[in-house]
Every structure is written in structure tokens, then in C-alpha cells.
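What follows is a pair of complexes built around subunit A, which joins subunit B in one and subunit C in the other.
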Partner chain A sequence: MAKKKWLSVFVLVTMAASLLAGCGSSGSESKTAEGKEAGNSSKKKVVAWAWDPSFNGAALKIAKELYQKEHPDFDLEVVDMAKADLEQKLNTNLASGVKEGLPDILLVNDPNIQKYVTAYPNTFADFTDKVDFTKFSPYKVEALKIDNKIYGVPFDIGVTGMFYRSDYLEQAGYTAKDLENITWDQYIEIGKKVKEKTGKYMTTINPNDEALTSILLQSAGSWYITPDNKGNFVNNPAMTETLRVYKAIADSGIAKPVTGWSEFVGSFNAGDVATVVSGVWQVSSIMDAKDQSGKWRVAPIPRLNVSKAVNASNEGGSSWFVFNDSANKDLAMDFLAKTIGGSSEFYERFLKENGGVGSYIPAFSSEAYGQKSDFFGGQSIYRDFTKWSTEVPGITLGMYTQEAKDALKNELPNILQGADLTKSLANIQTLFEQQVH
Partner chain B sequence: MERKWNKSTLMGWQFVALPSALIIIFSFYPMLQSLLLSFQSGKGTVYHYVGLDNYVRLFSDPMFKQAVLNTLLYLIIQVPIMLMLGLVIAHLLNNPKLRFKGFYRTAIFLPCVTSLVSYAVLFKSIFAVDGILNQMLLSLHLIHEPIAWLMDPIWARVVIITAITWRWTGYNMIFYLSAMQNIDPSIYEAASIDGASKTRQFFNITVPMLKPIILFTAIISTNGTLQLFDEVVNLTKGGPGNATMTISQYIYNLSFVYTPNFGYAATVSYAIVIMVAVLALLQLKVGGEKR
Partner chain C sequence: MKRLTTAGVHLFLILASVVSLFPFVWMLIGMTNSSSDILKGRFSIGSKLMDNVHKLMEMTNLGAASWNSAVIAIIGTFGTLLLSSMAGYGFEIYQSKGKSRLFGLLMLSMMMPFAAVMIPLFRMFSDMGLLNTPTAVVMPTITTAFMIFFFLQNTKSFPRELLQAGRVDGLTEWQLFTRIYMPTMKPTYAAAAIITFMNYWNSFLWPLIALQTQEKKTLPLVVSSLASSYNPDYGIIMVAIVITTLPSILIFFLLQKQFVQGMLGSVK
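After this line comes the complex of A and B, so read on.
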């Protein structure tokens, strides 16, 4: 009897243990097993992590098709995750030192580039000699450069434009000419007129979102932090001017307050605002409102009133990385270099099929980039965007962008309530320095 | 010796051996590791021991102070409101003459089964600038301009407190209700005969009898509030400014949003551990059995 009991306990323990062991490693094991098997059967499989199946995931599929023409034994698996999940998974994986389960190719949001490369040294492959970087917009390449090495392949860009409702602005008495190369102060004046004549807001404002301040700063070639990762809040004319303009927009009553992304998109889809200052990728959201076809146009963004400021900036964008420890490192690098890193055809298809704009200059003169859009009243919007993209000032995003943005966000309510700007900026600088220690 | 290790104790040890081993491996070992981690600092994989530097940094870190302040504010305002509300509702539902008891009970408990994220999103849409609440107030002519609830530091906190209260009151109510049903009705009968009013009965019989349960709910609510994360992230992302950021969100930011410093993040987690321990001890001292 006792023996039987012992036996049953033993069985129970082994069962539970094997169950747990199964949970722990099944994910990674099955993946490597798959990869190896695939390798044996002459197909070479590369795994990539991306976060938007209809955008960057789709881009990889186009690249795969192009690469397979030359390399029929190539295969690619795209793992789609939410962006926040991907970043969290990556950080935990890399910090714990567990390399299995990581993909070969990784999509990285540009502000994270420096952070990842510095925090996880020798983790990402050096692309310096693999891709001809002179063919890309300089500001994109600048973001990938750390200690004279270039750590990835530039992918999509967020060159900004001022989308506007030509019908509202016409009602207020403005033509397309009046919106070219204006300053932000002129923009506010136009906004007041629009509000008066049409009752519509000029734009939206969300103090919880740093998109606008980022666009303003980069348009003057400045950023929240300096290239050597120090706070860039004091003695920075671009920062002072950015916050002055931000407060002026908030105070003027031309901006509709929104609290989140869906409200922001909803505001222009519902026709509540006359302009949207945003990255080129906003085109697809704007075009969601089918009934507004033909009413939209795009102009360059307004300019800050400081020296070196231009009517062009950038919002968002990402790049492709390859892991140094990946078993398929050379293959993955070659795949990226030959497609996203050097194929005009890739960028033409990516634009046509997914509305994605890259920073590959040779593609800009192609037919796809010159197409006229009926939604935008026959304007060749992509030609305009790519033209502006070459004017965007190159900046180093540094390691502590998010910390600096949060330090700014902390003080922003005080600034909007009319606190002394110089004093507030000094506060932000102190807060930031305490944060990054 | 032989006495001690007789068959039944051995059998008992066999039963607890596996769970104990699992708890040690998956709970105590990580705790120890994170304690060690809290004495290190660096970025990503580059770490070095810094002694107590992280703990010293806590006291000069304005973001941490802000997060603690916000969290304590939720705690001090929300937990008493919720527990009192739970107690009152439980008392009302315990009335034997009440009809449709099942319906009310379900209705009040139902919020507890909704996912944290989905109810946060729901509250966000209610309190949006073009949200249903603003529409309602506008059509009742109570306000002239829509209020940006989630962009005002005070209102944003009010929204979060309202949301958490909505979500968790029913949960605590169920505890009180089940405890109330265990109180012998003859006690109330005797009290009525002695001439005690209903209010008097509530404060002098019901509340003292529920003391252990009230203590229990107070401790778990405190614990839960100190770990508040989902609601704030989904409702306000910690904004406006950092006016609604909680300690848990700060830990998340340190690990996954900022340049990762898991060492300092572990230190902040231990700060929560210490706070929970101190608060629980305090509550036990105040409300516990031993005087």
C-alpha cells in the first residue's frame, strides 16, 4: 500500500515537473527546431519582429518576394506584436542575457536606436560597409550612427507636412500660396481668422503628447538633449521658441483639446479642424474620411522664428536591426541590404501597396512617387514630401529622449499657466539631470 | 525521532514539498535576485554594484516622490470611500425585506469581472472631451464649454478614483455581505428588544462583528492601490504632466520606456514592498485582535 502511494506521488511530481519544463522552453525550442529543420531542407529561414502587419510587416513581405527572385531557397517569418509588447519583450530578453527566442531581424523605433546600442553593447550588427548610405536622406543615417558605425538599415520616415482643408481656408480667405513658407506666428493669425469665419478649430492640442514639440525642435535642428546626452533646455533658443509657440497656440483658442490618439484622428475625420501637422504616414488616416475627398491639400509646415529653422521636420520613423548572435546573421544582413537597403523597386511597391515612404533617394524620382492624388485635389503629395525630406535637419536623438520628454511634460502645465519660461526651463533641466543621474 | 517522522507527517510533507519547492523557485528566488539587483545600477546589460546608492537616489528623485505622492493620494482618498461604500451597500442588500436582491447583487458585483484595461478604456471614452458625460452636462446646460477632464491634474485624479471605486466596490461588498450573513440574527433581535435603533445596531453590532473582514479588505485594498498600474496607464498615461503617475508605472518606465535601468527599478519595487509592509503592520496594530 505504502509503495503504491509513493509511486503515485512520484508520478505526480514527474508529471508536474515535465509540464512546467514544457511551459518554460517550448516556445524557443520549437522555434530553433523549426529553423534547423528548414535549414536542412535547403530552405533558409530568417525570423523578424515587427509591429504593424499592414505596414512594416507588409514591407518585409514585399522585400521577401523581391529577394526570393534571386535566392529561391530564402524564407522569412514575420512575427507581429504590438509595439509596446515587442519593446518589453526585447528589453527583458536582452537584460536577462537569454539569447534564444530572439529573432534575426528587429524593427527599431528611431528614438530607441542609441538606447539599445549603448545599453546592450555588441548585440546588434554593424552595417557600415554593407549598405551605400549616401543614397539615404542624411538625417536618417545620422540617427543610426554611433561612434562612426552605422547599426541598421533606414526604413520608413515621418517627414512632416501641414495637411489642410482647402475649403475651410478658402472660406477664411486664404489660398494655397498664403500657406507656403509661413512662420508659426502667421499660422496662429490664420487660425484665428479660420475660427472666426468658419467656426472650426485650426488644429488640436494635447499636452500629454510630445509630437508637436518634437516636430518644432527638429525643424530648427535641435532636440530635447544634446548629442552627448545632456539636457538641452537652458540656453537653447530653439527650445525657448518652441515652448513660446506652443503656449501661443494653446492660448490663442485655435486648438481643440484632445486627450488621445483616437480623439485626435476623430477630430480631422469629423471635419472639426482645418489643419493637421503630422508625419507623412498620417495620409492613410486622413484618407479614411472618404467624404472629404478632394478637399485636402498639403503644404510645408510653418517655421520657427530662429536662425537655421526650416519649413521641414520629421515625426517618427523606424529602422531595421540584425542581431550579432543570430545564426543567420549574414543572410539576414544580405537580405536587408539588397532590398530595403538598396532597391528602388522595393520602395515603389511599398508606396503603392501600403502608402509607406522611405528615405531611399533614388526611388524619389520614380513614377510611383510622382503619382497625383485625387483625394488631395490632384496634388503630387509624395513628390512634395520627399522633396521636404531632404531638407529635414539631421539631429542626434541620443539615449535619453523619453526621460527628457517626461521632464518637459512635468513642467508643461506650469508653462501653459503662464509661469516664467526661463525659470521653468531651468526646472526641467534640473529634473532631467536628476533623472539620468 | 521515529515518533516525529511517522507515516502521517511524512505524507503531509510529501503534499507540501512540491508547492513549497515551486514557491521557493518562482517566488523567493526571484525576490532574492531582485534584492541583489537593487544594489546595482547601469544600463541594459552593463551593471555594477553601487551599494546603497540606488536607495539614496530614491530620496532625491523628484519623479519618485511625485509617484509616491500620487499613489498615497489615491490610497488615502479612495480606499476609505470604497470600503465605506461597500459596507453600506452590503448592509442595504442584507435587508431580508429587500426584493430583487439577486439582481442588485449581480449588478454591483459585475464591474469586478470586467478586464482592467477594457473598463479603463470605457471610462476614458466617457470622460473624453466629446465624451458622453460632457454631452450630458452640455445638454443639461450645467456647463457652457466641454471640460477636458483628463487634462486637468485635479479632474484626472478624480476620474481615476471614480474608476477604481466603480471597479472594486462590489468586490469588497461581497466580502462584507457574506460576513454579515454569518452574524446570528438573534443578536439583532436581542438588540431590538433592548431598544437599539437600526443605526446603532449597524455601528455597535455589524461593524464590530465585521472587524476582521474590514481589516482584511483594508489590507488587500492598500496593497492593490500601491500596485495600481493598468487604470492609470490606459486612462491618462500618467498625465497631465506626471500628475497621475503611480509607483508601478514609474517602475515600468524605468525598465521599458526609459534607457533600461533594472537595478534602480528593483530598488523602487523594494520601496513598495517596504511601504506595503509598514502599512499592513500599522493596520494590524490599529485594527488587530491584540491590543
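After this line comes the complex of A and C, so read on.
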């Protein structure tokens, strides 16, 4: 009997203690929140999530400096996270309906824009009247548009180019002129010659990475899915041509097989390949190999053999969102609109200090964008890249880009082994529809 | 013939140790090289160690992150050891109705993937106002079915005569647990400590969700944020990984003898 009594007393005490502990901590929590607000009356602090402290995080710091000139009481905290981590946190917050811990400003990868805005309506602020979007490359604005509203501020772009080793191509008998305005079939022919004369591969290929197919598709104004989120694999000449070219590159023996990102970067840092078709942000990885200074150049990417295809495309890029429920919504929006959404000075500094290229057209004619790069043999690479960026076809990335890419990846090995392309494309289409609907 | 088999066994063991040690060697060599040398596959000690360390110190607040990790891992380990051993002891020593059913239910919880309970858990901790605290990180896994099971299994070989002798000498039930059970089961505690410490130290997903500000981040979160920039500096990442791995290795070597004993069963 005595034992039972003792036990119930113990249970009661534990419950009371845990209750008190709960109260205590939530009490102190609200206190710190109040304390913060009191501190903020002199300085208004906005919080942003970004994923690369030396790139987009650094861009925010430049923007902060510019904005503070006019608004000395403005302050910004950048929380750096890995991109996958950021998306995981964001999804948990949004799915559970908990606002606590969300920032005011959010960096969004362009292919995720439509998904977020559609899946979580009224969560993100409408920027349509806050920024002059005619000053940005049209394809970049197109990606942010949903039902004629524009949900963010365009940030960095991934306009593509064909980086090449001029020394290898010279050995194979090609000059810069020979690489302008070519098709992918010509590219493969050049690759064979390079392989024969120098023993070097023309490029790398990775069947688990959909970067190349994405670049090819957008260069023809097409995408894995249609704007109304249907699979775009059958009866799509751009898709058929993209996969034909992809297989031709794999079959021709000019591509070094790689399995991952580090092996891909390692192959050009070690001088194993003659060309790299990639977004402008690849400049920094290429320039890591300091011993190769002066040997690199950039040309426009080759073109697909279909109507409307151009020698320009895009790989990657991101934009800034503001949360509708944020306590500092107006301040955060004004901050973005005045800097990343409308300051040439911001884009000039972003390029000079971090090698970042934006889509803000007024900045393209600035001195910073015209600088000659010794690493690239004195070429004004950014002038070229920005020129190509205005030619990139605008596409709607839709809601299910990742699912469509996964469906394609699933079938890619069969295509590379010579399966009938029409049949394979039908398979991909079915697989995608099964996954999404 | 026998000599031949021994040679074969040795050859196999040598190969296995090369395979398992290679990542560590690669990590140690990597932290002395620059990022592009690592990508090129350079396999010799370089001269960039201090550069990498300096850059890492500049980019991250390692002190705070180590402190956060340590607080979580130490509180979590002590809490888990105490609660799980009490539960395992209770399940094995005391008899009561429905005990085996309750234990079955507990085992079922092992089959629940963490991702499935994450969102409700997040809401709960938000409602309790505990998000962004070490408490939020430690609480959900402070008792795991696995640890309770581990203690229960090891308690099976615990000599109950000791408890009877203790009772005759007038010890209370609590004293029996702390003065007789705990000291006897040291090797089991050591093994459990290593497993639990490593789990807390390396835990990633839940801390990522539950910790919200930069200054509360743990070491694995810092390493992860280093690894995903567009042009990651692998030299710096290697230094960070070495720092993150060291405590686990140290604890393992400190408790190695007990660990092996504990896995074999505490009492022989």
C-alpha cells in the first residue's frame, strides 16, 4: 500500500515538474522575443535563407550595404544552409503549418518556383507592381510568372556557353571562328578530330545527370513538361532530337564517362577534356586550375537541328521570394526591389566580387561586364554571356520538372543501348503520368 | 594446408582493412590539399593544411557548433542510458500482466520511419515552445526501442541472486538498481554509450528541422552547409569532417574494451 502511494506521489511530481518546465521555457521564449523587438526599434532586422555563402549569401551582403546607405536602420541576417537542407526545412514548415522559424526572404531554385507557389497558395508575396520587370531578360521573368502575377525578384542566371581549350582545338586544326554558330552534329565531328589528334576527350557524359538534356531542350524552346504540366515526351521534335544527339555523343566515343559532380569538375581541372558545355557559373570551377590560365575560351553552345533552336540556353538559376505572413514583409520587399530588383551597381559589384551574373539588362553595358579576362585569353566573357542571355528562349518550367527528369533517367540506359526511340519516349511518358497523376 | 588457410584469412583481413581504412586516409590526406588537387585525385600530403584550417575558421563558427553538438550528445547519452536501462531492467526483472504485449508494442515502434512522425513532432515542439533548443533535439530519441531491447537482452544474463542478496541486506528497489545492477553492467553501459553518443553526435535530419538559427547549429549541419555551395572547397570540407569525426573515434578507442565485452554480453 505504502509503495503504491509513493508511486502516485512520484507520478504527480513528475507531471507537475514537466508542466512547470514547459511554462518556464515558453515564458523565457516570449521574453527573448520581446527583447528582440525592443532591440529592433532602432534597427529593423530581416532574415533570409540562402545556400551558398560565397555566392548568393555574398550577394545579399552587397545588397545590404547598398540598402543601408539610404536606410541606416536596416539590418539583415543571412542563414546559410545546404540547398537540400533548406528545401527540407521549408517543406516541413509549410506542410505542418508552423510559421515559427521561417525567414522573411527565401532563395528559390527556378525549377521549384511553380511548385511552391501552386502548392502553397498565398504564401509568397506578389511582386508584379514592385519591380520593373521589363529590365530583366524575358526568359527569367517568364519562370516567375503564374497566372499573370510575378512572385519574386529574378536573381542569378545560368546562361550557357561552350568553354573550350583553345590549345587542344588548335592542335586539331580549329580556330575560334570554326566554333561559332555550329550544330551538335558538327560538334561531334570536331570532337572526333580532337580525339584523333590530341588523344583528349571532347566532353564528359553522365547518364545520371540531366544537365545536358535540359540545356538542349531549352535551346529549342522546349521542356520536359508542357506549361499545363503534362509530359512532353511524345510528338515533340525537340525531345526526339535532343535524345538523338545525346545518344550520338555517347556512341561517338568523344565523351569521357563520369559518375558524379566531383569527377566532372576533376576531368576539366586535370585537362582531360577539350570542352565543357555549362552555365556561366562554371567559370569559377574552371578558373580553379590556375595552371591552365590563358588556355580557355568560351563560344556559344552548338544548336539542335530543329526549327526555332538557337545557340543559347540556360542551366540553373534562382530567384528571391518574400513570405506573405512575414512581419517585415514590406521592408523585405522594398529591400529586394531597390537592390537586386533594380540596381545596376548591385549587379556590377556581384560580378566583380563573386563572379555572379544576373539578368538585369541595364548592368550589361557597364564596365564590370565588359572586363577582359586574362584567364580566357583576353576575351570579354561576360559581355558575350550576357549577349547570349537575351537570346535564351523563355519556357515555363512547370510543377513536375524533377519527376519528369526522373522518368527520363529511368529509361536513358535503354536508349543508350539502342532501344527504339519512339517506344522509349512513349514509356517515359507513361511512367511520368503514372508518377504524377 | 592449415598454413594456407591462415594465409588466405590474413589476405582477406588485410584487404578488408584497406577497404575500411581508405576513406580515413583519404580524408586525412585531403585536408592537406587544395580543392582542385583533391578533385584531380592527388594522393600525397600537400601543404595547404593551415590554409584550409584558416578558411574554415573564417567561414564557420566551429566553436559554437562543437559546443552545441557536445551538449546534445552528452545530455542525450546520459538521459538515454539512464532511462533505457531502467526500462530494460524493469521489463526483465519485474513480472506484471501484459508485459510482453506492451513490449511487443514497443518493438513495433521500431518499424515506424522517422520521416513519418517528423511533421507531427515538429508541430508538437512548436506548440510547446521548445523549437530551437537542445531539448527539442534530445527528447524524441531519448528512449528508443532498440536501446531498451539492448538492455533487456543483456539483463537476461544478469545474476538475480545478487538482487536477492541485496534485498536480504535491506536495500530498496532503487538502491538495488543503482548499487548492484549499474556497476555490474558497466560493459553494457559502455557499449550503449558508444552507440548512443554516435547516434546523437551524427544525427542530422531532426536537428536540421528543429534547430532554426545559425548559432544553434550542430557540427553535421555545418559540414552539410559547406558541402553544397556551387563550387565547394573540398579541402575545407575535409578539415571539417576530420574535426567532426574525431570525438566519435576517441570515444570508441576509450571504451573499446568494454564495447567488445558489452556486445558479447556483460556477465559471463
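The rule we apply is simple: the second predicted complex is superposed on the first by the 398 of 437 C-alpha atoms of A that agree within 3 Å, B and C clash if a C-alpha of one lies under 4 Å from a C-alpha of the other, contacts with A are read in each partner's own complex, and residues count from 1 in each chain.
Here is the rule we use: a residue touches a chain if its C-beta (ideal position, glycine included) is under 8 Å from a C-beta of that chain, and two chains touch if they have at least 3 such contacts.
Treat the numbers as computed from the prediction; the structure is a model and nothing was measured.
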Subunit B versus subunit C as contact partner of A:422, first or second or both or neither: neither
Touching partner for A:435 - first (subunit B), second (subunit C), both, neither: first
Partner chain(s) touched by A:95 [first = subunit B, second = subunit C, both, neither]: both
Touching partner for A:118 - first (subunit B), second (subunit C), both, neither: first
Overlap of subunit C and subunit B interfaces on subunit A (superposed complexes): 84, 88, 95, 97, 266
Interface residues, subunit B side, partner subunit A - complex: 7, 11, 14, 18, 22, 43-46, 57, 60-63, 66, 124, 128-130, 148, 150-151, 153, 236-237, 239-243, 253, 255-260, 262
Complex interface listing, subunit C residues touching subunit A: 35-36, 39-41, 59, 118-120, 122-123, 126, 128-133, 135, 205, 208-209, 212-214, 221, 224-225, 227-231, 234
Of all residues in subunit A, those that touch subunit C in their complex: 22, 25-26, 29-30, 51-55, 77, 79-85, 88-89, 92-93, 95-98, 100-101, 262, 265-266, 269-270, 281, 284-285, 288-289
Residue ranges of subunit A in contact with subunit B within the complex: 2, 5, 9, 12-13, 16, 20, 84, 87-88, 91, 94-95, 97, 115-116, 118-121, 123, 206-208, 256-260, 263, 266, 399-400, 402-403, 406, 409-413, 431, 434-437
